[in-house]
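Below: one structure in structure tokens.
Order of writing sets the chain letters: A, B and C. Residues in each chain are counted from 1.
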């Protein structure tokens, strides 16, 4: 258990290191980027950047210096805007994105698992067909299309929800639905097929033969098994929410980190792109590790001895 | 006092893509308190479906009990509410399944799976149920029950898992235990142990037992009465001695001939029953065993045989008009 | 009950059962037969063929080009002159959607082809060599996998935007090809490696070895052809993924550059005037969704047809 834990953390750190290195190299290779000598930016920022990134030093020194900053939790200043730092941007905007992300995650898991369970329990009947119809369409509608459609109908046409911006609970609903649409559909299909699989297992017959009440048979004996593939999917789900937030936050003008990431791509604010990419990587790799541990809690068959057993 | 269980003219059907499969076609039998009855037959003959009908755990759809009656303890099982039925399952009638590898829930601990039945049926609290679970594990001969209780099914061997299954089935002192091929999936040495355990417990707890098997050796050691099933029908029913020593149905002869025995001479060959059991999608106009029967007569093509005599043999050879023929069982089973 | 006496005479003869020998058909014939039986997959295939025709030849039947502007006819709804209406610069939306189809399909197929060649090559070598080489090669894949591929594609596009500056701001189509090609082979490599690992233990691989076939020949002539089913399915399913990615990139301004039109870009443009001219969103959105749906269905159908074991 402990050995696995250490190995898992070590390999996660290694992956983060590689991501930082590759991104660092990319940013250095960009013509007109912050790490080239000729660039058209205010001299104050230029001096600042040169000092901060030790541009007068050889490349490997720059790299080691940058790494040491990252380790200390300092992701550097903005290359475009004076006084802005990546850390400041994250502190200001990440809470917004996190609210949206958590809401999306909750919708996708609850609605997806719920719909999948209902579809499986009513296999071959109307609730099943309805769920499968919508989830089949759902997996083919990208978030930016769903988002725009929601905005047109719910906000412009029917005036039910505010079209954009952030602040009240109503503001969260549409973007969260747009982001959650595709993963919900996917989870519903995944849950349905895994639930059907579980319902046909011998141990379900045992549970029935023991005279257990229906709710216990379904929620304890079936769902606990059927949920395992969904937990496996939560890694890709987190990734989908994260990348989806780039677009959805833009559509709904939400002052979150995703919107800022895209803005810095437009603005060629390379140091921010670099810093945010690293932040996102650490976030995702960390969350994925968490998912792995959660997995072992639900499925006792997975032993944390790691390796190739 | 009447019999504990009376099954009368039970019919069960399954809807499949190919059509309606008549899995059980008019099965009737009685079971007394404390009696052990074995149901014998090839796979797909309807023995498991019959057993599952008694607990009403046929998956529905596609299955459906279409006719007959099942009286348990003077109560009609087929017409009581599902709620009432749930209070019978696991409490008055319980069941052990064939494959202990897949019949226990992999994500729940032994403790959870044992205590949930107790809490449900006896109103014990968690603490009492756990204590009772320990006793049960001890009863079924599991060493170090405290450790086992905390473990998950994948951490136990096949034999241990089947013992856990048995402990689970016994937890509420059922009146009737149905064991559906309890040893088929186990190693031969373990099989003997599990059978011994079932026998011992049955004697101690005074319950009735329905034992489903295709192993006639198991039958000889454990059963009082035997019911031979084929294609959803009861072909022959009688005491162990009658069935094993003086079987009357050509199918039973075939079953016995295909079994190795100690009194066989060297070089004597086992004789299999050729062919396959019939497709139950079809409706028979004659005897369902006809294509595989060496003694088939003209009437067997046209008329479904009745059940003749006390022995209830479903074969035209038992008709008074039928010619007398020599039985070819090739000796008796010890 | 009494029966006529003759009924109790033993049967003269019994029906003789003969086994019917079915004509043997190849794996591919069998797969095609199964695929033909799947109506959803067949409809999807027809849709995709029609889409290809629409994209390739459609623009020749239109009197407009994707960049022709007509300021007198801006933001028109669908009409007889412009079936899909016109955009804010008076460009014919139908031709622009056709042009978008060209870009989407090109991106999809290029991704599928690079996935096919590079993914199979990498995964095949890794699985066949096994041991340390396999370990190292798969560690690389794992690390690349540890952050979403879309993030890698974005990084690459940010880089290519400046390395290969195209006219007008956005990165060029070739940059997209390159970026997708560099990332999309990852799932294929994993799947092929898994397949090869199991296949190389089987008897036919051993048989090839005993007759002295060279290693590369065993891999490419014996093992990989046997893994073709999952390979084709994975390649097919990478097409909608690539189409989605292109639309995504265009939507955040990293896609093809104006005045070229891709579906993602058309959707993004439609957003600015959504309240007044929702029809501008309708056609590109419909095009993206239907195309993704068709490729996903075809991929599922192919999986069922080519690899019955993977069938759910």
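Going forward, a residue touches a chain if its C-beta (ideal position, glycine included) is under 8 Å from a C-beta of that chain, and two chains touch if they have at least 3 such contacts.
Not measured: the values here are computed from a predicted model.
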Between A-B and B-C, name the chain pair that shares the greater number of C-beta pairs in contact. A-B
Comparing centres built from CA atoms, which chain ends up most distant from chain A? B
Can you give the whole-Å distance between the Cα centres of chain A and chain C? 24
Provide the C-alpha centroid distance between chain B and chain C, rounded to the nearest whole angstrom. 52
Going by the contact rule at the top, pick out the chain C residues touching chain A in the complex. 142-143, 146-148, 150-151, 154-156, 158-159, 162-163, 240, 244, 247-248, 251-254, 264, 267-268, 270-271, 274-275, 278, 281, 285, 288-290, 292-293, 296, 312
Any idea which chain B residues touch chain A in the complex? 52, 55, 57, 85-91, 94-95, 97, 99, 102-109, 116-117, 120-121, 152, 154, 165, 168
Residue numbers of chain C touching chain B in their complex, please. 2-3, 5-11, 14-15, 17
Could you list, by residue number, the parts of chain A that touch chain B in their complex? 201-203, 205-213, 216, 220-221, 224-225, 228, 298-301
Inside the complex, what are the residues of chain B that reach chain C? 275, 291, 295-303, 316, 319, 321-323
